[in-house]
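Structures incoming, each one as structure tokens.
Presented sequentially are two complexes of chain A, the first with chain B as partner and the second with chain C.
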Partner chain A sequence: MAEQHPQSHGRDAHGGHDEHESHGSLKSYVIGFVLSLVLTAIPLIVVLNDMVTGTAANVVLLGTAVLQFVVQLFFFMHLKEEKKPRFNLLALILGLVIVMTIVAGSIWIMTYNSVG
Partner chain B sequence: MAHGGNHAASQAHGHDGHHDQEALRMMGFWIFLITDCILFGTLFATYVVLHGSTAGGPTASELFEMPGVIAETFILLTSSFTSGLAVLAMNKGSKRGLIGWLAVTAILGASFIGLEVSEFVKMVHEGATISTSAFLSGFFTLVGTHGVHVSVGLVWMVAIMLQLSRHGINSVTKRKVNVISLYWHFLDVVWIFVFTIVYMMGVK
Partner chain C sequence: MKINSLSDFFVTGDPLIYGADVAIGLTMVAVVLVLTLFKRWGWLWREWLTTVDHKRIGIMYVIASLLMLFRGGMDALLMRTQLAMPDMEFLKPDHYNSIFTTHGVIMILFMAMPLMFGLFNLVVPLQIGARDVAFPFLNSLSFWLFFMGAMLFNLSFVIGGSPDAGWLSYPPLSERMFSPGVGQDFYIWGIQISGIGSLMTGINFIVTILKMRAPGMKLMKMPMFSWSVLSSCLTIILAFPILTVTLALLFIDRYFGAHFFTLDGGGNPMMYINLIWMWGHPEVYIVILPAFGIFSEVVATFSRKKLFGYKSMVFALMSISLFSFFTWAHHFFTMGSGADVNAFFALTTMLIAIPTGVKVFNWLFTMFRGKITFESPMLWTMGFIPCFVVGGMTGVLLSVAPADFQFHNSYFLIAHFHQVLIGGVAFGYFSGLYYWWPKVFGFKLNEKIGKYAFWFWNIGFYVCFMPQYVLGLMGMTRRVSTYGWDSGWWEWNFVSTIGGFLMGIGFLFQVWQILHSIKFMERVSGDPWNGRTLEWSIPSPAPAYNFATIPQVQERDDWWATKERKAQGVPEQPRAPLEPIHMPKNSGIPIIMSAFWFMAGFGLVFDWLWIAIPGLIGVAGSMLAHSFNYNTDYYIPVDEIESTEAAAGRVV
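After this line comes the complex of A and B, so read on.
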């Protein structure tokens, strides 16, 4: 049976008691943790010491935040290990589209809506 | 469609429909997390739109004290990591390791909440309350909602620890630990954006 499912086959190989999606190894958690620490330290050092200001600072802040989000999705939440069909990924993308629409739409409309 | 895939997988493992159901529950929780994302998205949108409307009250850069916030950030990040270690201990079949790492996670979560509450109390004593300005309404709603999520997670985690000590590691408690660890990682992800958008962009 397992041969017909190459997606799950790799994981079957390292432990018969494997069940749910949440897996990963100590290595992936440590890598994720270290990357998250670095991505938190960068904005602290760069922005709080005024090494960059204005728009550049915003780019650094949002860039490192989004990168850290991606790091945690892959190394902590194991999104990459999901079996096909990738419904979790699809739900996440739909959610992010809705969130971006709400946030960007609100900022956009309120920027041009100021009275007085 | 999901059924087809999961069903085949469960046959490959030699399980009955039980595993199928637990996997489906994991996916249901994931969908809840996505809706929670949308909740936080609306609160972020509200905060961002209102953060300049201070109505003569204190502004973000006057109010926020970064040392405490930075400590909160590293504490929550570490607790996200330790909740992952709990799952690893569980996959190895170590009940002691699992409960131990969950306890470390819960203690870190409790110190996060302690710092946040003391920060809020200090602000209120300085006269910066939720009704002072639109900025502070948005701030307390957004950061407070995240804090409530963490507090609920703490109670939930203690309950799962009790359940584990009584029933041990089985397919049901396993799924529950996977779910709470996913929830905990999610809360850390939300905090990354609170930290960046509210605090860092507020004080820079």
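After this line comes the complex of A and C, so read on.
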């Protein structure tokens, strides 16, 4: 972006919404909303009613959580509609790599480190 | 904490502290008197405290960090004095604990980081042909948050007592049970408040570099310092949240009695060590990467050659910033995570030395057959290369996990990290300061005094830290406040102390150099070093708007290429006509909001909610006030640009 924009929250930022890419339609918002409701309901119903327990419950919880994350990204964060260069996507991937490192690394390192 | 008397509030009992009290009091009185006598309050507020100009914010960062260098350096000299002879009774053990803690925190978080941010601010927008950073208001807020955080931390040594659990404040020692005083709370809030600022600076410079480069400056034509800033900032935004969360958990432990890191109640202090180094290791790369960028600029400029291996340099910078996230466990090989974990992290640590080695060769090949001159910036670079190579090598020795069981927490380690942090980071930032000083202030620093400063620092460094490698191998561990005659350590310690004071003299020479150069000011042109990149194409100091017309970039070292074209008589491209320049307006909100943060932090330190809650309300109020402020920008008219440029001797 060659344009000089020293003050981001200057006056042109206010009327400037139309410069950006489109932000989805009513249809996509409704689909996203319904999907996220369903993905919230599934684990609640399944786990609260003891339909699955133990490892299976964990799998259901984590699986629906990941799907929920994807729904949020595509329907509300508009990840797919980003113009090139896709900085948001890159930042997301980098962030995920680091988060995975933190979680998996900590679990691995702490396996043999327990107090008492 | 319950405060029963004034002596619970003010630190008492030590003549050194009383001396500091008097010095602080006198300095404050003097500052207020001078400002009032010369009627400078309005000027200070309008021109500096409320500024959103990246160049002025950069100068304030540099001043603050040099003051912090003085404080951290004094801590170092106090420690070296205590260790000069066996059985010294200069500092009591608890006082010694406070001093090594504050020395570490201040040198990394309140000296290296702000000096680095200062250089980012002074250089990056000029180097990429931009008129300011992407978010100037946020930039000012970042500075004031750092400043208030640093002041809150520094306050602890006269009010309430300093933290004394080491610079990373490991639990269980840093928990309420073993550190009941307020020192740890000062530590947490000082770092948290300035940490918000660091994170915002990281975001600010990533956006600035990605979005605000001059037209034609593709990423692969960007100057190397800007690349290093990008890599450092990427590391900042991924690493600092880990620090924030870790310290927040420690705060919850201390304040609400939770059990994340306690020994009882299911807590595990080792988890803290694991988490804090996930920030701590990337942190050392955050501070060294920009130094690599500085050396790349300096070596190319003073060898009169383009940088050797530009692409490999970019690759090395970016891979270091990513790899820095995969080595953290080498800080606690001895914790007992098992052979697999240690082997993995030993390997990643050895691997990260490779891109660093690539850089060293690139600098050497850049110098090869260059027309090298040894002005101050180059001198510091020459001091850096051997020092950093040796420091890096001892790092590789430490990365050998089985051997580390011997080196761990010994003076060998202390010598290693001081060698990479002084030889790499401090020398690098000094080199950068000398290099860009004329651009910032319009005059050069005196070369002769600078050479004295350099040699005192450089020789002092080796005299101070080479003996510490030996001491480490002889079995001296870090953080011991004294030792006996029978240990056989005193000769090496005594030599080391002499080296510490030599570096102190080096610092005094630098202060003298600055004062002398201000007094006998020799004005320089916009391009005193025969530079290569865009910042040298504009007057020194740069006008408020930096570039009268935004340059069209064609080459990698664009200013050098422009000068070459001129020498060959190629007609210059016609410049675009001047247009009014859109500028951000100054704002008092950043300093006010940060002052409220200071209040909130201070209140939380002492558990005085009657201070903390109004402070937090003030923070929220400041945010609200800024949200509804639409009067944030103005335009510089064309005739004002013309007169400014004419005053700088330029025709537009």
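Some observations on this one:
The working rule: the second predicted complex is superposed on the first by the 94 of 116 C-alpha atoms of A that agree within 3 Å, B and C clash if a C-alpha of one lies under 4 Å from a C-alpha of the other, contacts with A are read in each partner's own complex, and residues count from 1 in each chain.
As a convention for this text, a contact is a pair of C-beta atoms (placed from the backbone, for glycine too) under 8 Å apart; a residue touches a chain by one contact, two chains touch by 3 or more.
Because the structure is a prediction, the values reported are computed rather than measured.
After overlaying the two complexes on the shared chain, residue contacts for A:108 are found with chain C alone; chain B is out of touch. When the two complexes are overlaid on their common chain A, residue A:87 makes contact with chain B and with chain C alike. Of the two partner chains placed by the overlay, only chain B lies in contact with A:40; chain C stays clear of it.
Legend: residue contacts after superposition of the two complexes on their common chain; A:98 is shown touching both chain B and chain C. By the touch criterion defined above, A:49 lies against neither chain B nor chain C after alignment on the C-alpha atoms of chain A. Counting residues of chain A touched by each partner, chain B versus chain C, the larger count belongs to B.
In the three-chain superposition model, chain A touches both chain B and chain C at residues 1-2, 4-5, 8, 87, 94-95, 98, 102, 105-106, 110. Note for the complex: chain A touches chain B at residues 1-2, 4-5, 8, 12, 15, 17-26, 29, 32-33, 36-37, 40, 43-44, 47-48, 53, 57-58, 61-62, 64-65, 68-69, 72-73, 76-77, 83-85, 87-88, 91-92, 94-96, 98-100, 102-103, 105-107, 110.
Those residues of chain B whose C-beta lies close enough to touch chain A in the complex are 1-2, 5, 8-9, 11-13, 19, 22-23, 26-27, 30-31, 34-35, 37-38, 40-42, 44-46, 48-49, 66, 70, 73-74, 77-78, 80-81, 84-85, 87-88, 91, 93, 171, 174-175, 178, 181-182, 185-186, 188-189, 192-193, 195-197, 200-201, 203-204. Every residue of chain C that touches chain A in the complex is listed here, in rising order: 130-137, 210-215, 234, 238, 242, 263, 267-271, 274-275, 278, 325-326, 328-329, 335-338, 341, 550, 582-584, 630, 632-633. Chain contact summary for the complex, chain A toward chain C: residues 1-2, 4-11, 14, 87, 94-95, 98, 101-102, 105-106, 108-115.
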